[in-house]
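Naming follows writing order (A, B, C and D), and every chain is counted from residue 1.
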Amino acid sequence: MKKIKIGIVGASGYTGSELVRILLNHPNAVIEYITSESSAGKPFADLHGAFRGLMELPLVKVEEALDMEVDVVFLALPHSVSMNFAPKFLERGRVVIDLSGDYRLDDVALYEKWYQKHVSPEFIEKAAYGLPELFKEDIRKADLIANPGCYPTSAILALAPIIASGNYVESTIIVDSKSGTTGAGIKPGGSTHFPSLYGNFFAYKVDGHRHQPEIHNILSKLNSKPFSVRFTPHLLPIDRGILSTTYVKPSQKIDLNDLRAFFSNFYAGQPFVRLTSSPPQVKNVKGSNFADIFPFYDEENDLIVILSVIDNLVKGAAGQAVHNMNIRFDLDEKAGLNLAPLNP
Amino acid sequence: MKKIKIGIVGASGYTGSELVRILLNHPNAVIEYITSESSAGKPFADLHGAFRGLMELPLVKVEEALDMEVDVVFLALPHSVSMNFAPKFLERGRVVIDLSGDYRLDDVALYEKWYQKHVSPEFIEKAAYGLPELFKEDIRKADLIANPGCYPTSAILALAPIIASGNYVESTIIVDSKSGTTGAGIKPGGSTHFPSLYGNFFAYKVDGHRHQPEIHNILSKLNSKPFSVRFTPHLLPIDRGILSTTYVKPSQKIDLNDLRAFFSNFYAGQPFVRLTSSPPQVKNVKGSNFADIFPFYDEENDLIVILSVIDNLVKGAAGQAVHNMNIRFDLDEKAGLNLAPLNP
Amino acid sequence: MKKIKIGIVGASGYTGSELVRILLNHPNAVIEYITSESSAGKPFADLHGAFRGLMELPLVKVEEALDMEVDVVFLALPHSVSMNFAPKFLERGRVVIDLSGDYRLDDVALYEKWYQKHVSPEFIEKAAYGLPELFKEDIRKADLIANPGCYPTSAILALAPIIASGNYVESTIIVDSKSGTTGAGIKPGGSTHFPSLYGNFFAYKVDGHRHQPEIHNILSKLNSKPFSVRFTPHLLPIDRGILSTTYVKPSQKIDLNDLRAFFSNFYAGQPFVRLTSSPPQVKNVKGSNFADIFPFYDEENDLIVILSVIDNLVKGAAGQAVHNMNIRFDLDEKAGLNLAPLNP
Amino acid sequence: MKKIKIGIVGASGYTGSELVRILLNHPNAVIEYITSESSAGKPFADLHGAFRGLMELPLVKVEEALDMEVDVVFLALPHSVSMNFAPKFLERGRVVIDLSGDYRLDDVALYEKWYQKHVSPEFIEKAAYGLPELFKEDIRKADLIANPGCYPTSAILALAPIIASGNYVESTIIVDSKSGTTGAGIKPGGSTHFPSLYGNFFAYKVDGHRHQPEIHNILSKLNSKPFSVRFTPHLLPIDRGILSTTYVKPSQKIDLNDLRAFFSNFYAGQPFVRLTSSPPQVKNVKGSNFADIFPFYDEENDLIVILSVIDNLVKGAAGQAVHNMNIRFDLDEKAGLNLAPLNP
């Protein structure tokens, strides 16, 4: 059986941990190294006790990893750190799958408006946007794959069929999203302090979140007819899961059955999109790579309402990254991703 | 000190319990009776162990209560049950504050479309809608007060200033609401079974919820310029709290500071509305009668976004009912409602 | 590759669902049927939406299943129902792994004291107690395997090394256990109603729980020196996981390092027991078949304190059942059970 | 009406906030100042948004507060900080109620073993231990009141009747306690990071927690017959509440009814102790000053098992502190403490 040698750069966060969880049971995967600057020398399980006995590989520093022979490198690093390392791994002939935001936008100015100065802007246009349901062919050929943001994954999958079809008025699409707390990362802080968040719920970054330009930028590739996106993220007091409720005004009336058939055709053959017949629940995709989508037509208001859910760490991060690897290396698309959701 | 004699009809649910919690520390309140059909004879604390030692009044049946002398009766009954009892108490000269949906809509046909056949439709137009911030004068004179629904309270308070001003285009207002589980009542069921809901989140009644016509019906009284309302309720895995995220297209551009000043003037002198300078959190109103509201203007999309939070059992039910009593009986508006939120 | 044909009796509950989750990725497993009396004819995923697209097998009634050819039948039925069906499947030559309590106690009188009249008592002594770490040889030869209770799994694994060694005084061992809510089953009820349990915590069945005699009965097989067991179960407001804190008075002083070495030897070669170097966390075993155990010696009080955690639906139910199947059918012990915990 | 002038030292934490919540509705309380070193000049509500509009007093530095005229000072400071300030306030004639651990132990050596060097050891013996149910007379006369720890409050109230009576064997009492996360304070950290703790549960400080000597030290005052205490704290994934499960071997058999009668007599006239007839629930005391206690006799094991619950921030901290103030200043014991639990 074909074996892919893998390096994971960034062990301490949730996406690094989730990559390990998935790759451990991937039939084609061989994890060659995992890096950590602060814990080099220690076994991976020292950082994530859940993996005791499952992954005891000693961590290495990234400088050391650069020249270790692998086929693919997953960068599980913060935004603005990734862009320093991606070029170095690309130079050495590795395929790079970057889980940060550094190569998602195909427009340097837009990136620099929302993030900061880009240190390797020449790679931005070489990167494929790693949303397999829309860009499989690009991914197959790319050496740098920019893994989508978690919110954008949920929103773009909900909206792509409508945008692609052009059945929308030239106005504002509303994306009202709610995310579990792993999306905020492993570093403790006031808004994710347990006593504060337990029993709580609130919106944040109401005046602008980096995922808004990503949603708009990617969807714009599907249609030249203009639209804008209003994006409001909220923090849910749960660990995993995103639900996006999206509202689009159609340019012509549509029948609910037709709408469902249309989504069904659009996603035919995509193994990780499930169209549901009732509003989807975040727990129904927990731990899995599924995106559950429920398109609805509100006849009274002539409004299309689409609900979509994903596990932000799987379809919204590590699972999608592995999916991209499978495509890039011509493996079975579902290899290692037959993860049944944890129920309940 | 002026004393008001009170009857509470319906002890077993959360709104009955919450009325007791609030009235226990109300300086003008004397609870004369609490009714329960299934637990008559038992002390109230047998139903709600939290009240052991605080409220041991033996429960009575409603038939028995009808002729017990009180000034005001709170009906903490399900929809469609209230309308059988309100007339009987009104006949006997009691002021009735109904916490069900039976008298909220001022249109019998609309009620019957969303609920069922009304058995006392002649009272519908006599009822005041008990949202004090908008209808204080009506409440002061009414003998039947229809206490607002929890979702409508959060949505109407968010939207009223805009609707009243007329600064909206004739289109669809979006109300994306998220509620804690006490809103679903005390009766166990599949969707509120702990293992199912813990770590979960989902929308429900996407094709129509009774609170949509209530929001539209009440807001319509503020302006004859048409609009429609899209309402999407979601179930949050917490016990108390509602957050509504509302989106309105203004008919003319507005400055954020002006928007805030406008809200501030609109709610001047209203003791339970707090305008916040950052997105409001449901936990900041927990256990209290406050509605925290954050109006925002998204300049890029020319869209007004208003976030509002309440405790669904207090401002969304029992607290607002007591506020209505205070107004109707000419007490200090805040009497018994100086409830500091539980923090955290 | 060797294939085992499997029948699952009882689809609607959490253990049936969890068996499906695990067996879906088991290399030797072929699920032939899943039964449900109330949902026969419907696909399994209609009962558990998380499995949409993964398990759409139409459910059959148990009467129909009786004569369907399989190697092993998992009974995921309530106590007192299982004992009606186990004999019928045994008669037809199936190996039966029963997840209920009906064959766990090897003493009919004891069973009937804690449960009810037994209808197939002759099978009680034929059953192996399916705790592989202690009874692997029995399991290998048995046609009826009584899968342990969830609390007993956590408590027996914590205590077995001490009891087997005889290093305890003849007195009362204390087992203070805390369980997540899936242990209470899928049927909604007052104590697992979300608003009641969220933010709550309490003990229950303080005057006697069926798992107390099971813990005592099984541990007694390891040593004839008497002891008694005090068992106090508590309900945790989480979905999955059990933590047991056990207290045993040693008959002679012991050194902490020796204690740890002793546990380490006792469980050498057992793939699912992990000894931890700090107090174990229930989330570190979530979704996996691990039991994490931390033995500690309180020198000041001359008391052994052992903390153990499991996922009640995996090591406490379905995972252990599959482990038993693997042993019985001479498969790799870990087949299908390489489940990394969901982190976080 | 008698008015007590109050200073609160330490605004930023949960106990400072909870003192404000309670004192806001206390009929005899006038909050003169609240201190904060880092936020001096800002209104209190800037630190705790829940208090917007309720408490906007500008914060002052403690040096400034020293000479502001008040009757009583609550020190809501960390351990080892309090002991620097208590003497200064005492010198100026204030009554000091200290919510830290600095004056709880009446033995300097014991304090220094578990905490650190004491800078004002001469005050240790002047301090009354502020558990009103046991030491009301001491509290009435003391100028320095050491408010009990949260775990000790729950454990001592459970055990005091048994210890005082002498009906226990000279052996180890087991206190297995479970606490909500507000007990860990407002400062974010790894173990209270939301994604880690949600759905989790674990024991900590298994090898020694400062509350163990406090429990033993205080209970020892009730009886000269020796005993030792094994204390195991666990962290519950909830915000508020402690449940302690305690196990004591009686020196003579006892009848369950007699045990209950005995507890009932012991706590006769104590307004905040409620004996329950079923296992107590932490949510039934949430936000209130109650301690709910359930004594049980396990006849088979001849073991007394007592379950007790409190809200750690109220009866375990700020509520008890206010109770102590009421006693010290000869106010109605219940003044300001008629707090009905939040249900649910």
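Brief remarks on what is shown
The rule is simple: contacts are C-beta pairs under 8 Å (C-beta built on N, C-alpha and C of every residue); 3 or more make two chains touch, one makes a residue touch a chain.
Per UniProt, the chains are A, B, C, D = N-acetyl-gamma-glutamyl-phosphate reductase.
Model, not experiment: these values are computed from the prediction.
Taking each chain's centre as the mean of its CA atoms, A is the chain most distant from chain D. The mean-CA centres of chain A and chain D are about 46 angstrom from one another, to the nearest whole unit. Our note on geometry: chain B versus chain D, Cα centroid distance of 36 Å, whole angstroms.
Listed for chain C are residues 14, 180, 182, 195, 198-199, 237-240, 281, 283, 286, 344, each touching two or more other chains.
Taken as a graph of touching chains, this assembly is complete, with every chain in contact with every other.
Residues of chain C that touch chain A in their complex: 14, 17-18, 20-21, 24-25, 48-54, 182, 198-199, 239-240, 274, 276, 281, 283-288, 290, 292, 338, 340-344. Partner chain A is touched in their complex by these residues of chain D: 14, 180-182, 184, 186-190, 192-195, 197-199, 237-239.
By the touch rule above, chain D contacts chain C in their complex via residues 172, 174, 176, 178, 180, 195-196, 198-204, 206-207, 228-230, 232, 234, 236-241, 243, 245, 247, 249, 279-283, 286, 294, 296, 298, 300-303, 305, 307, 309, 344.
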